[in-house]
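Taking it in order: structure first as C-alpha cells, then the write-up.
Letters A, B and C mark the chains in the order given here, with residues in each chain numbered from 1 onward.
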Amino acid sequence: MPAVTETREAVEKLAKSSYEWGFETDIEMDIAPKGLNEDTVRLISERKREPAWMLEWRLKAFRSWLEMKEPDWAKLKHPPIDYQDAHYFAQPKKKPGPKSLDEVDPELLRTYAKLGIPLHEQALLAGVEPAEGERLPVAVDAVFDSVSVATTFRKTLEEAGVIFCPISDAIREHPDLVKQYLGSVVPVADNFFAALNSAVFTDGSFVYVPKGVRCPMELSTYFRINARNTGQFERTLIIVEERASVSYLEGCTAPQRDENQLHAAVVELIAMDDASIKYSTVQNWYPGDDEGRGGIYNFVTKRGICRGARSKISWTQVETGSAITWKYPSCVLAGEGSIGEFYSVAVTNNHQQADTGTKMIHLAPNTRSTIIAKTISAGHSDSTYRGLVRMQPKARNARNFTQCDSLLIGDQCGAHTVPYIESRNMTARVEHEATTSKISEDQLFYCRSRGLSQEDAVGLIVNGFCREVLKELPMEFAVEAQKLLQISLEGSVG
Amino acid sequence: MSGQSVAGQTSAALDAFVERAAARSTVLAGTGIPTRRVEAWRYTPLRSITEIVWKEAAPLDAASAKNLLDKIAYPANGHLFIFGNGREVTSLSSLPENVLRTDAEAVDPLEDRFSAVLNGALGRDGLSIRVPKNVDAGLLTLATLHQGSAISTHLRHRIVLEEGASLTLFDANVGEGEYLSNPRFDIILAEGARLRHVKHQSEAENAAHLAIINVEVQGNAEYDSFTLNGGGAVARHEVVTTLAAPHALVHVNGVQVVNGTRLNDLTSMIHHAAPDCNSRQTVKTVLSDTAQGVFQGKILVDRVAQKTDGYQMNQALLLSEKAQINSKPELEIYADDVKCSHGATVGALDDEQLFYLRSRGVPEAEARDILVTAFLTDALELVADEALRELLLKGLFS
Amino acid sequence: MSDFLNICGLQARIDADGTPKDILKGIDLDIPRGEVHAIMGPNGSGKSTLSYVLSGREDYEVTGGSATFKGQDLLALDPEERAALGVFLAFQSPVELPGVNNANFLRTAVNAVRRARGEDELDAISFLKTVRAETKHLSMSDEMLKRAVNVGFSGGEKKRNEVLQMRLLQPSLAILDETDSGLDIDALRIVAEGVNSLRSPDFSALVITHHQRLLDYIVPDRVHVMAKGRIIHSGGPEVAKILEKQGYTQFLEAAA
C-alpha cells in the first residue's frame, strides 16, 4: 500500500537525521594507558586519593569480575567487547573544582551550552542564584568522562542538610555512609557489568537526604563521554532517610564516533520509612550512524530498595540513544506498603538494539508496583521489554499492574515483550497487558488532512503513545524528552 | 538397571536394553537433562525423571489396558486406539474406515527442545496415519496407558490430514505407578484441513509427562487444540506450531488444575510464518496445596507475516498460601502491520464474590467451587465439541 | 467551468483484499467560488470515496481524470498541502488519537497551516484566546480541549470538534462527509451554523449527505445525485426535496 511505503520513507528519512549532540569538546585530558588489570584498579584508586578500604573493595570486585562471564540472555547482538582495548581513566587536565567557575575550563562551559542542559545553565554553573520565579532551582553535578567537574548549589543543599557531591568526594568525606551502603543494593559480584563498574568506576554522584528533609531542589547529573576509547563507569548512590524525599535527574550524551564505546554504570537507591525517591533519566548517548557504525554500548545496573515502610521509588526513563541498551532499573520492595514504579519509553532506530525493562521484587505485605513501558522501533532496530514481577510468600495483598505497548514503524524492525510473572502468595494480584501495533494509517491521514506534515504527524502520534510515561518526568526534562523523541523520529509537537 | 526387565532374557529385551543404554549416553553426552539454568526449564525441574527414564516396560495385556482406561471418561462413540506401556494393544485398537496407516517418517529433530531430544533418542512405535483429501474421519480416541515402576515410553505419532480432511482426536493419558510418558506428535494439516485435538492428561501422581506436539498448519487449515493438564508429578504439554500459509488458524487453549505437590506446565510456541493468519490462546491454571503451575507462551511473528492477528490470555488462580505460579507470556514480533496482544492475571478468589454467595446461603466450600468452576468455564467453552467438553468437565471434577 | 474546484472524469479504485475495485467511474463536478453544493446518493454510490480522494487519502488509486483546485492539480498534493491550500474534510467518524492532547493538536494544525500560508504562527496565549472564543460559540466545554483527540468523545462531541477545527483552520473548501449521520437536532444545528458562519464569496462547501434534513439548515446552491460512481443528475435545491419524497428510483431509471 502506498501509505505504508510513504510512512516507511518518512521513517527512513528520519533515520538520517543527524545526532545533534555529536560534537567533540577540545579539552586536554589526562588519560590512563589502555588495558585492565589490578594495576589499572590501583591507579584509579590512587588518582582518586581513595582510602585503603575502597581499594580493597575495588580489588574484590575486580577479582569476581575475572571469574564472571558476560551475560548472553538478552536479545542483543554485538561483536565481542575487548575489555583491554579501552582507557579506564580519563580526566580533564586542568584541575576541576566546584568552588569557583574560574576553575572550570571555558570549553566545558561551552559544552554545557551545546548540550542544551535545560537549566539556567551558565548562571547556575557560575553559582548565580536564579531570579525569583515559580521554577524550582536545580542543582547540577556534571560528570565529564567520568569525572565530576562541577557541583552547583552545594552550599544551599548543605544548609538543608542534603549532601550532593561527586562520589569520590563522598568516599573521602563521608566514608561511614559510603561504607555502609555502597554495594548494599547491587553487590560487587551482582553481575558482570556491575562487577566491572565496582572495580573501575571513576566518578558519579552521591546523595544523602537526612530524616524529614524534602530536598529543596531537583538534583541533576549530566554524564558525557568525550575522550576517544574511554569507557565510562559512573557510580551513583542515593540514600534517603525517613520521611525525606528527593527528585534526581540524569542526562547523558556522547560525541559521534566510529568506534563503539563502553558505558557501564551502577546506580543504587535506598529509601527508608516514608521516604521517596524519584529518579528520572533521559539517555541520549550517541546511537551510531545509520549504518550501525559506532555508538555507545550501554550496560547499566540500576536498583533501588524500599527498605522502609511506605517508602517509594519511582524510575522514569526515556531511552533514545546508545547502539546497545541493557538496562533494568528495579525495585526491591522490602518495606511494608512500599511502592515501586517504572515508567519507560525506549525508542530505537537504524541499527540500535535495546533490551530494557524492570524487576519488581515484592517481599513485604501491601506492596504495590506499576510498570508502564512504551517501546517504539523503527529502521532496522530491535527493542525488547524484559521484566520480572515476583510476589514472594510474605507479599500479602501485594499488587502489580503492568502495561507494555510496542509500536513498530516500518517492516525491518522488531519489537518484543518478555515478561516473567512469578507469584508465591495467593493474596497478591498481578495484572499484565501487552499490545503490539503500528501507527494507524487513519491517524496519520487525519493529522495530515489537518495540515500536519508526515513527520509531524508521526511525532505527534508517538508522543501521544508515550504520554503516560512523559507526564511522569519533571517539567524541565519532559520538554527535553519530547525534543529527543522528535529527533529520534523527527516528528514534532510544535 | 535392575534385572527385572532383562529377566525375560528374550533377545529383543536385551537389544532394547543395549539400545537404551546407548541412547542414554547420547542424550547425556549431548544436552544432558536440562537444569533450571536452561531458560526453557527455569520453572520446571527435571531431576525427578533421571531415575525413571531409561527402563523399558513390558507390554500391557488387554484386560489391564481396559481397567486403566476406565479410570477416565472417554468417548463411547468413534474409534479407539490404545498404547499400553508403549506398545499397541491390537485387540482393542481400530481406526476409522477411511484413515490409512502409514510408515513413520523422519522428522525435524527440534534439537532445542529437550522433550523432543529425549524422544529422538529413545522413541519407538506410535501411530502414523493419513486422512485422505476431503475425508471427515470423525472421532478417534488415542489412549496412552502406563502401568509399572520406573519405566518410560517415548511414542512417536504422525498425523497427516490431506487437503480439506478433518479429524477429531481425543488424546487420553492415564496410568498407575511411577513412569515417564514422553510422546511426540508430528501433525501436518494441508490446505483447508481441520484437526480438533482435545487432550486429557490424567497421569498417575508419581508419573512424569513430557509431551511435545509439533504442528504445521497450511493455508486455510485449522489446528484447534485444548488440553486439560490435570495429572502427573511433573507434566509438561509443549506445543510448537507453525502457521505456514495465509489464513491458517491455530488455537492452543488449555486448563491446568494442579494440587498436592504436583507441577503442571503448558509451554507453547506459536510461530506465524505467513501473512493473514490468526492465533488464539487462552490458558487458565488453578493451583491448590503446594502445587506449582507454569505457563510459557510465545508468539513469534516473522517479517513476512503481515496482518497477523495474535491473541493470548493466561490467568492463574491461587487457592492456597503455598501454591505458586510462574508465567512467561512472550511476544517476538518482526512485522509491523500486526495486531498482537497478551494479557496475564494472577490472583486469589474474589472475596467480594465469595461473600456475596455466602450471604445468599451457599456454604463456603461450595461457593469456592462455584467460583473456581466459573473461572475455568470460559476456557472450557473453547472446546467446540460439546460431548468432549462434557467429558473434560467430568474429568475436572471427578 | 470555474477556476475554483473542477473535477473532470475522475476515476478511482481501491484495493479490496488483493483485487482492485473501481469505485469512482468518471465524476464531473464543478464548484465555483462561494457556492455550496450537496451530493446525495444511496449507500455504496462512492460519496465517501470522492471526499477521500479529494482530501488525499492514499488507500485510493486514481485511475483517470483530474481535479484542480484554485488552478492547482489537487491530486498531486499531499494531504497536508491540500489542507494548507484550503481543503477541509469533516470526517464521518473521526479517528481517536490516544494521548494526543486536543488543544495541542489544534494548535499544531493551525500553526502548520498558517506557516504554509505564510502567516505568523500563533503563540500559546493568542491561540488559547482564539480557541476559547470558538468553543464558547460552539457550546463546547473547555474540558474537551484537555482530553485526547476524539478519545471517549460522544458522537455529538466528535462532530463539534470537527466544526471547531474547521472554524480554526479557515478553509476555502469544506467537504462534509455525512457529518449529519447519527446527530440529534441540536448537534445538526451546530454543524450547519458552523458551515453557514463561514459562508462568504470566498468559501465553498461540498455537503455529502443521505438526508434532506441537513439541507434544511445548509441550503445548497446545487444538488447532485450520485449513484454507482457517477453523478447522474444535477439541479437546484428542489432536487433534495424530490429525493426526500420519491427516493432515488426515478433518477436511477433515468440514468439507466
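The rule is simple: a residue touches a chain if its C-beta (ideal position, glycine included) is under 8 Å from a C-beta of that chain, and two chains touch if they have at least 3 such contacts.
Because the structure is a prediction, the values reported are computed rather than measured.
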Requested in this report: Please indicate which chain is farthest from subunit A, where distance is taken between mean Cα coordinates of the chains.
Outcome: C
Requested in this report: Give me the ID of the chain with the smallest distance between its Cα centroid and the all-protein Cα centroid.
Outcome: A
Query raised in the report: Using CA atom averages as chain centres, what separation in Å is found between subunit A and subunit B?
Result: 44
Query - Where subunit A and subunit C are represented by their mean Cα positions, the distance between them in whole Å - result: 47
Query raised in the report: Can you give the whole-Å distance between the Cα centres of subunit B and subunit C?
Result: 57
Query - subunit B-facing residues of subunit A, complex - result: 4, 73, 391, 393, 406, 408-438
Query raised in the report: In the complex of these two chains, what residues of subunit C are touching subunit A?
Result: 15, 55-59, 61, 78-80, 82-84, 88-89, 91, 94-95, 97-101, 104-105, 107-113, 116, 148, 165, 169
Query raised in the report: What does subunit B use to touch subunit A in their complex?
Result: 39, 303, 306, 316, 318-348
Report task. Show which residues of subunit A lie in contact with subunit C when the two form their complex. Result -> 1-3, 6, 440-443, 445-454, 456, 460-461, 463-468, 493-494
